[in-house]
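For clarity, chains are labelled A, B, C and D in written order, and residue numbers in each chain start from 1.
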Amino acid sequence: MQSNRQLICIMITAALVIAGAHAALAQTTIKVGNILPLSGPSASVGLQNKQAQDMAIQEINDAGGIKALGGAKIQMLYADSESKPEKGVAEAERFINTEKVNILTGAWNSAVSYPVSAVAERYGIPFLVPVSVADKITEQGFKYVFRIAAKDSWWTRDQFAFLKDMEKEFNTKIATVAFVYENGDWGKGFAEGWKKLAQQGGYKVVLDEPYPSTATDLSPVVQKIKRANPDVLFLTSNAADAILLTNTMAEYKVKPKAIIASGGGHADPSFMKATGKNARYLFDIVEWETDVNKPGADKTNEKFKKLYGYNLAGESVDAYVAMYVLADALERAKSTDPKAIRDALAATKLTTGPAMIVGYDAIEFDASGQNKHAALVMIQINDIGKGMERITVWPKVSRRANYKPVFPTP
Amino acid sequence: MTPSLARGLPLVVLALVAFGLPLAVTSATYLHILILLFLYAYLTTSWNLVGGFAGVLPLGHAAFVGIGAYTSTILSLQYGVSPWIGMFVGGLLSSLVGVIIGLPTFKMRGAYFALATIAFAEGIRVMFENIDYLGPLQINGPRGLQIPPLKTGLVHFMFADKEPYYYIILVMLAAVLALTWAISRSKLGYYLVAGGEEPEAAQSLGINVAHAKLAAMAMSSFLTALAGTFWAQFTLYIHPKSVMSLDISFEIAFIALIGGRGSIAGPVLGALLLRPVSDFSRIYFGDTLPGLHLIIFGVVLILVMLYQPRGLQEPLTRLYRRAMGRLIGDRGAPG
Amino acid sequence: MKVLEIKKVRRYFGGIKAVENFSLDVAEGAIVGLIGPNGAGKSTLFNCVAGVFPPTSGEIVFLGERTAGLKPWDLCRRGLARTFQIVKPFAARSVLYNVMVGAFAGTARRSEAERRALEVLQRLRMEHLSHARAGNLTIADRKRLEIARALATRPKLLLLDEVMAGLRPTEVDEMVAIIKGLRDSGMTIFVIEHIMRAIMALSDRIAVLQFGSKIAEGTPQEIARDERVIKAYLGEDYGAA
Amino acid sequence: MLFIIEDTINGILMGSIYGLAALGLTVIFGVLKVINFAHGSLLMVGMYVAYWAVLLTGMHPYLSLVVVVPVMFVFGYLLQDILIKPIFKSEKEVREPITVIIVTTGVWYILDNLALLIFGPQYRNIQDNPLRGKMLEIGDMMVSVPKLWGFFTALATALVIYLFLRKTRMGRAVRATSLDRDAASLQGINQYRIYNIAFGMGTAVAGVAGVTLVPFYNVFPTVGVLFDIKCFIIVVLGGLGSIGGALLGGMIIGVIESVGPQFMTATWTEAIVYALFLAFLFLKPSGLFGVKYDW
């Protein structure tokens, strides 16, 4: 098998690289420790984050590194958490104590980010979190934790704000909603937010259904949705179950007036390929979309697509942007001292540069370390002549020119 | 020097080295790896009481780790009870669950027993994932519980440095090894071995095999739960998928089988081999070739099983005896 | 005094009548033999007596106590020990270890158990094998180990299930002497045996089982003369063994 | 109440596919008396083989059986011959060598992570295949066509295995070995070759299960883990080693999984499956069709 030979080549190269890497690196590098789920059930998202960050680091280093530090290069070290908290903690310890990293980033899984944030805080090493969205992460009173992405209460808030706007714009009354979500830290967090917002918005909840994301058959859940017959279906799913749900719903001809997903599995590059036309008209909330109306965004995406063969997604953009936030902080800190980097991060007010492919205009952290400008967009999956694509529809200012959202689903 | 003293000497040296190690290993990274190594050695030694001596293959011990971790964490978070006390409450609770699991399953043999324990542990995990509140107790379902690192100190079972954790788990390991040694020489130990090897013969010799196994299970689940508390206090975050995962149950069994189950040294030897394989292969290959570390782990498992199916303890003991024999001219006690 | 009373015991497996209406008394200090062709139900009867499974009907009284509901380990603690026709040593362990398992029935102390075990091994002239691995023993030694283990529980009644099968003639003689010695020390013995020479030399009384029913009972001499026994079973075997 | 019928049908169909997956496990257990922990991974390998066969040639998904079955049979045969046979040889007197569990778990780790290295973590499925998304509409009821195919394939596979075991010489040798390996080898049967064949068969059946999943399911490196525990539960429920038991056990699990969520959440249904399984284990440890258990 061809791939086997390739594998051996890769292994040999890797061994050489590892052997060489330790010796070759000069003093003037800034070490960043990055903990991601690179194997196990979340390997897919881990890889996307890694590739986005690889690209960012490459760009920053090629552009002359950190000028305030004499052109120091950023060196990214990756570690595999396997989505397990104890492995994440072990790797954080290793990064800090053995690799002497100046900063930590990661860890995608909220379950890993919690304990890692405690480790970072204890050692006083800044922990820049691109995407773990659980509110709690920046609500622990920690000084060294910074998050780029919006927290989950903002996601759910925007999903409902979007729904209200659509009701008005299309003059359609939405009365009932259904919540279907993976039974994990993430899904539960979203469901909690939804319940509150539904009550405030005067919607009737006709279904509140957690499901195990290891389920092998989701048609019972789809049946349940069908019978509950909600106007709007809210989903929070990982990739495998997002694909399964979408395809099964198409099979059973379940068509609520709108389906509003929560990124994650629905934003996974595999999702579009594996659902095809079944995902048509689905709304999804994301941090970023390829058609965002920002200079440089499409160029960055094209470059990424050329390198790795798929589009940038919201999570990978957060990961990408995080590296520029870091570079900016380093320029201002003029030091590799973690405390100085932390203070510089806290004082971040980034409004220019490649990081500004994000949908909003500045990156600034509030006292808790949360990026206070982090905003979300809603996209709709639709085919307007060039195959299925993700089209930004909300907020209205960001909506793709000449696109009229399809609401309710025909 | 008498031969028995000479045979005990290496143990003393080993203990001294273990206690002095933090002086040499100043890197918190390696200390961390060592702590996890000892933790797994402890867990496996506890498992060994059932899985080794009683001759069955339990594959659900993660449930006890989880029960221990949850009990002490809930008690300390919601009632301000010191984890040290919670640790023993968790142990007792876990013991009870162990006996309940043991009652029906010990009647089964071989494959059935292994599968039933898997199902039990998975069932308990799924329960925890479904329960947010159990009466007044906040379990928090799949989101788990986080222990804020606010109060440090011995009373709170929480420390800023690694050394205290290292010594705690080392003492725990030493204690459980001593206990295992004592049990292996006691009536219960003999009864477990007999019941495991030839249940009918054992029964005719006055042994209520099921009782002996239940006693072992009670102890084993008690001890395993103590490690659960350690785990929770060490990582400061628990959720069902971490502290109750099948991976833990499996890893414990692997360590025992690789080291040599049913022996006292086996679990420690197994942990000494497997933990570093798992840690270092993840560290060196985890980033460049995702999954390669688990492939290496799998290969090591297979190789050891193919060439030393009774575990590494056997050849190593032989080697050790021979070396001791050379040194002091003693042929050692036959086993 | 009767150590064991077997009263009208039946044992059926589904439709198969393994033991049918069997009664027998074993007096204290006696050696009682049980003979019969293969498949006559001897081992089934032993298993009923030892508590492995209950009789379908009838009752068994051991030392004046009905044994219904008592398990093998309960009976062992009351003073009943047995050996298995197919030996079941704890193969991976030493001979001493094996015997100590039995000795622990009477004591919880390791040193005492070891003392008792060594005593038994001495009595059976196998102390030189104390540290041998049980799985490596010869068949004769395994049979003796089987007895040693049972003896270490210090039984009042010892059930021996074909402990001489597969032994050489000199070994058989040795075994007969050992068993007689046990009786002389006050133990009651109930023995299944195929080797006629041995059972005749050994037993005070013999019961004969055929197709699950007792066809004769008496002293060895009576049995040797019994028409039915000779016809059913003894004729061709007596001299041959 | 129509939905109950609809869900029951779905449960039976999906359950028969679980049963098919478990069938491979039960064939291996029946003969070798060991649990193959790599079974889910073999299913995963089967799915990848079918996936690539269909994707590269555009053939009908079920036509890929022509490729999958022989490839998987040889794969299983060699796996047993190279990795597991030595253990049987070195532990002759052991009836259920526990070390085999470890070896097969090693195989599980290796296969899953090799798939990750070679194919990446992406979720794949084949959008244009003639079965995808097809539904049979009977009045208001809907029945998934690819699952229906899976159902008939499961029945057919069980029948083929049954006939093989009963009617062919090789099958009789396999059965003899499964009943008493020593007696069989005395009869001149090479037990190790029989083990190879049984393992190959079990693996091929896992491949068949993979083929039935490919038209409507996702393929990814850790997909086998999702089916692993399910298979364990099913074989114990049905009686280890019983062909009919595996199918029936699968259907029972499938029906509970499918009907349960109509009365409680899907997550609680998962818990109920375990609870029922354990309750069953207490009441009838030998399983539905198990011979009196002395495994």
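Just so we're on the same page, a residue touches a chain if its C-beta (ideal position, glycine included) is under 8 Å from a C-beta of that chain, and two chains touch if they have at least 3 such contacts.
Computed from a predicted model, the values in this text were never measured in an experiment.
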Chains partitioned by contact, subunit B not counted | A, D | C
Name the chain with the Cα centroid closest to the overall protein Cα centroid.
-> B
Two candidates, B-C and B-D; the one with more touching C-beta pairs is B-D
In angstrom, rounded to a whole number, how far apart do the mean CA points of subunit B and subunit C lie?
-> 43
Calculate how many whole Å lie between the centre of subunit B and the centre of subunit D, each centre taken as the average of the chain's C-alpha atoms.
-> 32
What is the distance, in whole Å, between the centres of subunit A and subunit C, each centre taken as the mean of its C-alpha atoms?
-> 75
Whole-angstrom distance, CA centroid of subunit C to CA centroid of subunit D, is 49
For subunit D, which residues are shared contacts with two or more other chains?
-> 113, 116-117, 121, 221, 265, 267, 270
Mind pulling the subunit B residues that touch 2 or more other chains?
-> 126, 129-130, 289-292, 294
Contact pairs between chains, per stated definition = A-B, A-D, B-C, B-D
Residues of subunit B that touch subunit C when the two form their complex = 185-187, 190-191, 193-194, 197-198, 200-209, 334-335
Residues of subunit B touching subunit D in their complex?
-> 57, 104-105, 107-112, 114-116, 118-120, 122-123, 126-127, 129-130, 246, 250, 253-254, 257-258, 289-292, 294-295, 297-302, 305-306, 309
Provide the residue numbers of subunit A that touch subunit D in the complex, in ascending order.
-> 3, 7, 39-41, 43-44, 46-47, 183, 209-212, 214-217, 219-221, 223-224, 227, 239-240, 243-244, 247, 250-253, 268-271, 273-274, 276, 278
Subunit B residues touching subunit A in their complex are 27-30, 32-33, 36, 126, 129-130, 141-144, 146, 148-149, 160, 231, 234-239, 241-242, 245, 247, 279, 282-294
Give every residue of subunit D touching subunit A within the complex, in rising order.
-> 3, 6-7, 10-11, 14, 18, 113, 116-118, 120-125, 127, 132-133, 135, 142, 144, 216-218, 220-223, 225-227, 230, 254, 257-262, 265-267, 269-270
